[in-house]
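After this come two complexes, each holding subunit A, first together with subunit B and then together with subunit C.
Moving on, here comes the complex of A and B:
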């Protein structure tokens, strides 16, 4: 007898998983197949698309730009977000603290289109020509709320009396930071920075409005797609995917290790 | 006269909206165990944190060993603080926690190791040195916090309700241990608590605080037997408070009217004039209860009988309606029932006349 109450949920779950991952699986598979067209059946295995993607100077430059953007955004939004979060927990009045927190998280739900256009208008108004720097500033705005969110969660469970204990035992403010604060928040800081890098790597909308003639990987891919599908796009997408998965997994693991301690 | 180890003079502390300390004066001798006792919010922690250097007083001075330390940061003071919840460094082992202050003082490795061993032995945690704080029980964590604070050999050890998070049995055991350690080191301890039993058990001297002031200081016995206010007598131990009016004098003794009844009490202060109202604090364990018809004492009717195991607490109502509690031994209450007529009496010396009869 068919046990419908078991088969139905299982079937449904399978469908949803397929729906979520089939497009990604297709792109990863075709980045390794010999057929230059997206067609079935799969003919042969090759790394040619990776070779051609990486030897294409346009793509190599875009990749380098994307990595520069990701690194800048990770470091700067990391530093700013951590400093902001420390300032936030020091605010005594609860309503002010929650207002500031909500305010700093708001950009996460403002449409990227609005952020992108607003920045473009602003940069033009102050006479700053479009380019990588403008895109980097945009990426920081996009990542900052997530850094603040991560750090705020960490600091809310942080036992600040440990810092007083350190001072009491003879540590200067700097020594207390070096020996106690920093080791305790380091995993969260790195996790937040990896998340910021991940958000930056595949950011398209804000970048497109502000990067000018330069290319980041998503902007370049968008341009290539308009001229027809080049199989090296599959390779680029797969590289991007691999980078993102690594960043997000590492970020999560650090977050978890932090929670356990 | 030797200078006190800790000298607190005219200390005031205002936070934006409220006064946390209001003219606090307190002298503490070297080697003394002093408790700051009072209800939550009365300013105990604020006083301790000013001594430790975490808060600055609005005015007043703190001297330690004759030296004015007001205005010095915590890392430049000869005090160490044991925090309410330990505040152990979660990423350091027990040994590293205890050694942290020594490392900052640049002790060399072998001397440091010896000192840490000594401290671990003192708090009886010899085998726990390599554990992380998360692997310790609440009692062990507080012992490590104590060892860490004592490792630097402070002139004055400050403790802010260090036992309040522990359960009763462990707390009682730790009270005795802490007291024993203090005696062994002959160190000066200032101990904050809101638990009157804890203060009575541990202290050489108790300073009772209320509303930012020290309202009475003295040995546990003095405070228990001779409270100087309704607040103190009520806060320390169980007590009966009988409010009455002075209606006359008789050979150096006051006659006090309590409802219908008249009782006499020794007049140990000059300011008792006829017509003034006072409260008489009578501890339940000093109240006698006599069932013989015509016995001397205040006539009352038994209204409550509460069995406590080691004793029985009997409530008897006076003619005026006031309930007086007496703690009796179990066998003394045989045949006693609700409604039994009794005469209540107590040793005059056991009763304390206190100011502030309004309750």
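Moving on, here comes the complex of A and C:
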């Protein structure tokens, strides 16, 4: 007897997951195939596209810039976001706390196009020429809401009584933070920072309006895509994908380990 | 909860000062730029030179030009079509995760959310290679002998834009719907069914009103974000399916750019989208009350 009330939902979920992952699978598979065009049937496999991708003179610069942006965004939006979440749990009025939280998440629902052009306008108004620094500031505002969201979820389930015990035993606020709070939440903090790094590594829209004529990996990929079909795009995309998956999986693991403790 | 959380902080400097760095950053890098964009929308441009002033010319130009009106209508149409796919699919998905798979729901959520971090540009480009005239789908169908000629409507069309945007935005819509459904006790649905409510009636009068906040968030994500996307139409949409986002982007990074006009367009789009969004939410709210 087939249990249709479970088989149908399972089929539906599988279809949706396929719809979400098919494009990614296609890119990875075709980064290794010999035919430069993406079509069936597949004739053979090769690493040529990786060789040609890595011999692109711009890729080294783009990769270096992307890593600098990701690191800056991870550290700075990480520190600001974690501090903000700590301040947030100390706000006693519930309406004020939820208003501040909602406000801090606002950049996540404003279209990136609007954030990108608004920042470009501000930088032009203060006479700051477009470049990496502008892009870094843009990445920080894009990542910050996600750091706040992650840390807020963690701190809501944080047992503050340990902290109170430490304070009762004479620890200063800073000592209590350094010796008790921070070691306890460290995995979540690192997880939130890795998430910020992943968001930065993948960010294109805000970057595009603020980076000027500098490169980052998504900006380089965009340029190649606009020029037409180039199989080395698949190779660069697969490298980017591998980096992103590592960051997100690590972030997720750290977040979960912390949640269990 | 709040008072017990705040307790250990009551001595010494208030930890609320920790709000300041990020608060200042938000004010300077988010609020101020939006205000600057609004001010700029009342200026004019002469070449690359900006001329300060206060004129409604940009807005008049946008609202009276048939070209911009057509682009605006197409953008709303694409956003509605995308939302009409994304929200029901996300709703059904969240329902399966919550009420059918229960404990494995969290794992399915992780898998769905992971796709969000798998390269924004990469996924759009991937759809172009799948839907293209000589792309994966057409070449596979031809190879299998199911079609003689490639299906041309698949790429460089509104269909392609909607298919691609739906894939991009679906994970974002699942998240709020699933968390809203986690707060709905199974007993409520069973009680309604036991009292004789049909499946559709139960959905309309119990489940949908109970997950309304999540539904609203999912709708906002799908609708507002699809209206602001310019990368998807420029990669998989043809010249006939450019959206208002493309025109805005061109005003800022293109030949013959006009920043004040672009700024005004951005505000018109946001206003129109926000109004359509509120109207639809009000309609859904009215249709699902009991």
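Keep this in mind: the second predicted complex is superposed on the first by the 243 of 261 C-alpha atoms of A that agree within 3 Å, B and C clash if a C-alpha of one lies under 4 Å from a C-alpha of the other, contacts with A are read in each partner's own complex, and residues count from 1 in each chain.
One rule holds for everything that comes next: a residue touches a chain if its C-beta (ideal position, glycine included) is under 8 Å from a C-beta of that chain, and two chains touch if they have at least 3 such contacts.
From a predicted model like this one, the values you see are computed outputs, not experimental measurements.
After superposition on subunit A, the partners subunit B and subunit C are seen to fit next to each other with no clash. When the two complexes are overlaid on their common chain A, residue A:175 makes contact with subunit B while staying clear of subunit C. Look at A:57: by the touch rule set out above, it reaches neither subunit B nor subunit C.
In the superposed model, A:164 lies in contact with both subunit B and subunit C. Annotation for subunit A, partner touching more residues between subunit B and subunit C: C.
Contacts of A:103 after superposition: subunit C is touched, whereas subunit B is not reached. Shared-chain residue A:44: touches no atom of subunit B or subunit C. Look at A:88: by the touch rule set out above, it reaches subunit C but stays clear of subunit B.
When the shared chain is aligned, no partner comes close enough to touch A:228: not subunit B, not subunit C.
In this overlay, which is a superposition and not a single complex, subunit B and subunit C have their closest Cα atoms 6 Å apart. Residues common to the contacts of subunit A with subunit B and with subunit C across the two structures: 161, 164, 167, 172.
Those residues of subunit A whose C-beta lies close enough to touch subunit C in the complex are 5-6, 9, 12-13, 16-17, 19-24, 26-27, 30, 37-41, 79-81, 83-84, 86-94, 97, 100, 103-104, 106-107, 109, 111-122, 124-125, 137, 140-141, 144, 148, 160-161, 163-164, 167, 172-173, 176, 198-199, 202-205, 208-209, 218, 221-222, 225, 229, 233, 237, 240-241, 244-245, 247-249, 252. Interface of subunit C with subunit A (complex): residues 2-9, 11-23, 25-26, 29-30, 32-34, 36-37, 40, 89, 92-93, 96-97, 100-101, 108, 110-112, 114-115, 117-123, 125-127, 129-130, 132, 134-136, 138-140, 143, 167, 170-171, 220-221, 224-225, 227-231, 235, 245, 248-249, 252-253, 259, 262-263, 266, 270. Of all residues in subunit A, those touching subunit B in their complex are 159, 161-162, 164-172, 175, 179-180, 183-184, 261. Those residues of subunit B whose C-beta lies close enough to touch subunit A in the complex are 52-54, 73-75, 79-81, 83-85, 87-91, 100-101, 104-105, 134, 148-149, 152.
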